[in-house]
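Worksheet: the structure to be examined is printed underneath.
Chain naming follows the written order as A, B, C, D, E and F, and within any one chain the residues start at number 1.
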């Protein structure tokens, strides 16, 4: 259950930060609805943000491993 | 009965607190998007921009949350 | 009493965010005192920030209502 | 007597923690206002800017808080 | 034995939570440094930039923490 | 012990904010290692940040004193 709680907290944090970054990147002056270009930008931004998250996670993990081996 | 009443009141207040927390976040983001220089009154253009900003921010949140849920169910996340 | 606590917390959060935004908007290079133009700018910025807060609050509320009616 | 002494000590430490929290916030804001490129020493212009920045930030806080209180008492807030 | 097992599990989960918190912070900073406009895939230049960004951020943290410790031990901080 | 805890918390907060500011100021596009210029910039930035912290701390303290005397 601790596991589930952490997974949920982690997903919420990711969603919140992603929404913030992608809103700022994709919405210039907010109009009366999300137009096509904005919707595409949001989907793409979201995919790249998750790619970035995974890349960062791997890089951090391998650095931690390297530091552990050094000690 | 009194305990239930108290519990209900606390729940209402918690909801209000959550609502206000959201309003603070939205105001922060939308202020930067819509207000360049503060003028002597909030003109209608700034007001429309603020309303649209809140609506589009919520749209963005819903779009991202729904898409994320679909991806997770398909097993696209590690 | 819960009510009062929340009202106070809400006002403090508003004051803090407003001070931060208006300081950044109105004070270029900080001088030896707040000059006239800076004081006017702060008062105006404060009024507009509270207007914005009220507008955002109404917009969010009416959207919540709309979403509830949809379900 | 010992309990009172302990309580006093905790209060002092809490006050220090609050003071430090404020110093962190001020340094964050004033660093951005006053330091363009870090140089080999803090020149007098940057130092004056930092001191003024703290003073003006506090002035701004007081101005806004006082005006807000007046508005609330007049019933200008909803 | 069961209590020890539970304790170990909680510790592992706490470590994971800390790891994820760091990943969120790094992604936030490195996204701003490395991604200008989101494109249809993460190109290799952006990927290299992200990896280097994490590595350099950790280097910076270590450099600053070590230097700070030395300064504190020499009594350079007030 | 409360004292030690607060001192540690304070140092951690300082280190975190300093790292954030100096990374943003000194690292343009992150390369395959910290080059000489970046290392110098980080050391200098760190010293200036601590100077700024001390200056701000003194300025805030003397303002608090002034306000107290006014009352």
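Just so it is clear, a residue touches a chain if its C-beta (ideal position, glycine included) is under 8 Å from a C-beta of that chain, and two chains touch if they have at least 3 such contacts.
These numbers were taken from a predicted model, which means no experiment stands behind them.
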| item | value |
| --- | --- |
| Touching chain B and also chain C, the following chains | none |
| Starting at chain E, fewest touch steps before arriving at chain F | 1 |
| Chain pair, A-B or A-E, that carries the greater number of C-beta contacts | A-E |
| Taking each chain's C-alpha mean as its centre, the one farthest from chain D | A |
| Mean-CA-position distance for chain D and chain B (Å) | 29 |
| Whole-Å separation of chain centres (CA-atom averages), chain C against chain D | 19 |
| Multi-partner residues of chain B (at least 2 other chains) | 30, 34, 53, 55 |
| Residue numbers of chain F (touch at least two other chains) | 22 |
| Chain-level touch network, classified as line, ring, star, complete or other | ring |
| Round-the-ring chain order [start: chain B; next: chain C] | B, C, D, F, E, A |
| Touch list for chain A against partner chain E, complex | 2-3, 6, 9-10, 13-14, 17, 21-22, 25, 41, 44-45, 47-49, 51-53, 55-57, 59-61, 63 |
| Footprint of chain C on chain D - complex, ascending | 29-30, 33-34, 49, 52-53, 55-57, 59-61, 63-65, 67-68, 71-72, 77-78 |
| Touching residues (chain side chain F, partner chain E) in the complex | 11, 15, 18-20, 22-24, 26-27, 29-34, 38-39, 42-43, 46, 50, 54 |
| Touch list for chain D against partner chain F, complex | 9-10, 13, 16-17, 19-24, 26-28, 30-31, 34-35, 37-42, 46-47, 50-51, 53-55, 58 |
